[in-house]
């Protein structure tokens, strides 16, 4: 991989990153194929359904990720390009007001057309034109487009994760408990128990965030920039995320019946929605199970708890006499950690995945004998940090300015990636974000406490 | 067709009707095949979607009409019967509390499973067992089951109509304006203009409703019984339904902007929903078109207006200085009319339908040079009669008691059938019923006035 | 009372009724004073509150009944009239589109101004000008206005009843169980038990409704006209309304838990609203009590059940193997009955009421040793008749055309008046109407059955 | 004022603050009288109404502030205390789960009882018993209760502000535009224009928050503690809040029609609620006015804009090429400022207020020739800081632990007080907080920008 820098001063430093064609073309082919591989075990019917505003139909994800390349690369940079269907610009626009109006988000599930086959055709169509673009773009055009292509690939990986979490939510409503990813799989061994340990950090002025000008800098989104100093005070961080077994104690000791540890909004939600356990947990004849893409399964006691909201994570932390870490503490603690090869992330390349693209990702304890374990993979970890711009934050330019910045209100930051996150998509500075009531992601948490 | 009578005195007179096996078996095979033929032009994706509580997914209709025979014939009358999947009893139960709990009606569109293919298998499975039943049932069992089978066939025909009206509603939400029934079709000639005439009826004591004991009595639902006397006062009835052209005048002269002619509830709805024309009408560049299953088409000026609610029909009638007929006046006027062969009804047997099962049914003027025209077919005709039991009404027995009686509140009666109604399903005494705000059926109306 | 007839042929026959000035002036003074007397036991705070769309604040009723005379008499017929506040036309218009726009009905409870005192001033202001009108109108003007004045008085009486039923609904939400009408009252003796008897009627062609041209014709609303023939088939009518004791048996035997006897819409409502008994009933430590304007009281077992919806009345009737009467059967049965002096109606003139205007009206058994009892007073009786126009119905003219006709959809007719109905307001042909889910009126029912 | 310290180590440092009896008794009498003085211009009817969940009826505020002393002082610390009405504990509990269940917050406006007079009696009753407590509490009891009493006084002052902002919201719905605080008032001179200036701050490690152990420490809430270091980077702060004139330019240049500067949630709200200007602004015949407690008034162009949400403040800031300050920047900038005597705060003591308690508070420019002006008073200033606990935050103990901590989610911090804030209630470290969509407070904002 070689890398050059565009010198257009009007764009943000991030956008001057230019990977070479072959690197991006190869990644494009691989990642696009992964997306389809993910959906192969699904029935056509599965791919149509939307159960709530936040959850999109699989086929919409397939269309939208093609729309992204069509709208941000082909239309502006390839003069000969002719859209397959002009109306797709409207149908597959998620939330880019700068591009134009959008088909109503809560009604994506009302559209049977374009069909799954038609959307596969649309994907192939866009891919053929992208191939033309990779082959024919002149150097100056390439310099302007390369960064947006790289964003498009990371964008597609984000939707790979959403395809899995969304279809899980959709299928969970079905009394037939579909298990599309189950056939031919062995149930993994239960996780190994591992005692929690507290790791102390001294703090001080710590550099947080991504520096695109650093040597060997990887890709990053605008919301990870600029790299800047934060004052970190001494704290301790748990060696591993809270487990199902630990969370079950909270459930059994009345955690969902006692307002004492809940935020006011969270408690109102518990009452109104009748929450009594994490999403997908069911107590059947006194035994707790949870719905997965491989069907209804027994809880793995030592695996990290998942599908909890920020409210539930915060309530548990308060009940346990601790708190959630800030996102800065989390990143500070992760500063010396690489994403380990054994991390439980979404992996398309292993031999095990050759036959089928994905083994219904779910948290498993991936023990480590020392230090912090499971910082990457397994579950996204809620932090106590509201999602806000870093000091000096600049959005991407053009339509991409709507990618991250406009959501910096009433959401909370999660860190570290989950078993549903593509392996090459996560990094230390990565900031995921969801509203505090969101539960359909693979979201868990790790405890922290002040070191006083 | 031969007919005997069961002598069990505990059942209603209607239920003593027993058609012979071969008659019913032949009808069963034919009607079941028609249902599938109707859905053949649809994509799998189309068959999954539910856009509102009233509208069910196509695949649910396919399952429910099989559930009917499984639940009311196979389970009670065939001792060896083993269900394909016990959970279908819950999933495909529409509203029969006597059978058991039902999967939530407004959430039928959240179920991707069973798939369309699985539901086709379910249909075939039920049909094979029904074949066994037709072959093996002893005489006494037959006597008890025959009437329910006949109800099941008429029930299936009702769902044939709903399959068409529901999928039209579903597809109408799609900005791609799907036209599944269009391929290879010719646009029919516009209808012929025909002046309206008023036909006077003297009234008097008139016999209304169905008498199962009459010689040559056909099938009827419980709500058409008993045959009883009604006092009809002199009235006049329009020779044909109100047309698109006539209704367009109402639209253009501000009918939807003036509360004077509307029921209070209807006017509130007009305001709240922003109604300005019948459902599916769109004014594009000053020209009115309407969405059909063959795509967006110009209004046929002399065809009956359709997809209007009781509120719109009543407002038009008041604006026109007339009123809707009562259902008794309608039936009295229809007393000497047979369902004519040229009536615009849903016809599976004609040569024109051989290639494709249905030509996107829509109203067309089927002129008649004298007398009342279009009493049958084209559009259901709203009457001013609230749907109420006839004096002496008895519901069917058993679970079928929930078929009609429990809906006799806050609905209005429609008469005559529509272009979406199977030809052999309609009759003079047939009572269809919908709430006054319903617009997704092929509902139109004909004017009446007092003869004073 | 003398009566002349105006000969303007453009108005309906009803509107040619002209009472003389002194008769109407005396009634005006008396009825207006009664309205205020009704509200005297209430606190100012009570008169402000609206708990749901159907229930209006007391002070709005006081304003609206004055608006009626201002809008329909003073503005059109008294050239010198100057409104006290032009904005009241908007604020106190209930639903007369012909008069102009209306302040949003569900938001009447958001208005603290005009205050109760200001509305009392408005009433006095309108009354002074009406006095001028009574004194100065010339004969021709009087001939045009007299009927509307009489309507205004009956309208005011309707609102007297609503003031009581609305404030009861409002105060029932208060955990302090206010009892504004209790002070200084004795609890009445419990009602006497009386066995139910069935009275048979032969039926035939029966004259139903009001004939304004009949000798000695009283006032009637347009919806009671014209008098016309109905065919009545033989039926039996219960001698008295269903009692609390009888209805309690239905409650205890699971009537609210079994869908078998309910209309589909009604059963959905039972589930959704969690109904388990009539409105205002509470089971405290195993004993049933009900909230009244005199506070929480024990159920009077032999008094008519009240505050039940059409759905509950119909379900009980089905459970009891009977049905509700039609409104025609009811009127036919009542044909020879006068409103008896001992009927439990709202009475402002008795000595007992001298000290306080009203003894918290509630049903009490008013036994009669023979024949039909309690046809008038105690509770309004739900009939099975949808509220629909009589054959040949003509609405009042002008703004009053909106008085009754536009509500003839999705409502049911009640007959006979209640303990909250002013004594001189009820008559045999009187048609009250409410939607089938309404429970906050003093609504009960009496059983009927076919005589076969 | 003397001050001692209680040595119970289990309570937080804040709670060891003990003012002497006479100081608190005098403050109690004064502040309680001020509350009633505020409500004197209101009609009884005004005090009953609730227009939305967030807005409570005036009379509820009067009751709740008495409930506070009854529940937190009289019941736990005065053994002889007998409540006036046990049911008030339930009715007037706002959100203290530790005390017990609460009457439904959105339904406070459904309660006519207790009446205003009864609540005045309740206030007097609680005050008499508090007088007893001031007189008779022994030293140890006093040491435990003094801090809660002081909280109760600041709590009552918070409700004084809410009484004004809530009644403004309530009366704004009334088409009669009530002006309860107008009588006998002169319209103030329009504000003086003053050019905005940018003040640069170097930043560095700055001490933020309240230290209860500091010499001369005033009262503070738990959420202002502990005092701790924050890293402040160089920034500039506007010399004054954004004015009506400036905001009007944003309105006129399409600020409410262009999504570019809005948070995604905020833009959705603009669309859904149809926002086109700050709350209470009305454009009548091309001229902008705003509703105030003195009636509808012309906009004062140089006064700070008020009644804008966090969304509107953020959108304006982005449109103006700036941002909101963090709460830490705000406090850092305010570090050397005292609350100035000419600040536009709620003042009960001035001669002008002698005749009437309050002159319908509204923002006015209170110019200052140099430095930062209007940091205190006029309008609360939105910051970009999500409301979160300070590092090391401890809630009050007991029921008061619910006072602040449980709201630290999905809200934003406002600083500086408004013209509706009692003068002796505000301080530099004071943190007010509201959800980002809240507009019914006197909320404005001041711009900041990075100093790069």
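Read from first to last, the chains carry the letters A, B, C and D; within each, the first residue is number 1.
Definition applied: contacts are C-beta pairs under 8 Å (C-beta built on N, C-alpha and C of every residue); 3 or more make two chains touch, one makes a residue touch a chain.
Note that this is a predicted model, so its numbers are computed, not measured.
Engineer: How many links in the shortest chain of touching chains run from chain A to chain C?
Structural biologist: 2
Engineer: How many angstrom lie between the centres of chain C and chain D, each centre taken as the mean Cα position?
Structural biologist: Computed from C-alpha means, the inter-chain centre distance equals 48 Å.
Engineer: I'd like the Å distance between the centres of chain B and chain C, where a centre is the mean of that chain's Cα atoms.
Structural biologist: Centre-to-centre distance between chain B and chain C: 39 Å.
Engineer: Provide the C-alpha centroid distance between chain B and chain D, rounded to the nearest whole angstrom.
Structural biologist: 62
Engineer: Name the residues of chain C that each touch 2 or more other chains.
Structural biologist: Answer for chain C, listing residues that touch two or more other chains: there are none.
Engineer: Mapping chain-to-chain touches, which pattern fits: line, ring, star, complete or other?
Structural biologist: The chain contacts form a single closed ring, each chain touching exactly two others.
Engineer: When you check every pair of chains, which ones turn out to touch?
Structural biologist: A-B, A-D, B-C, C-D
Engineer: For chain A, which residues count as touching chain D in their complex?
Structural biologist: Residue list for chain A touching chain D: 95, 97-98, 205, 228-231, 233, 259-260, 262-267, 310-311, 314, 384, 386, 388, 391-392, 406-410, 436, 450, 452.
Engineer: Give the list of chain B residues in touch with chain A in this complex.
Structural biologist: 43-49, 51, 59, 85, 87, 90-91, 103, 107, 109-116, 170-171, 173-176, 178
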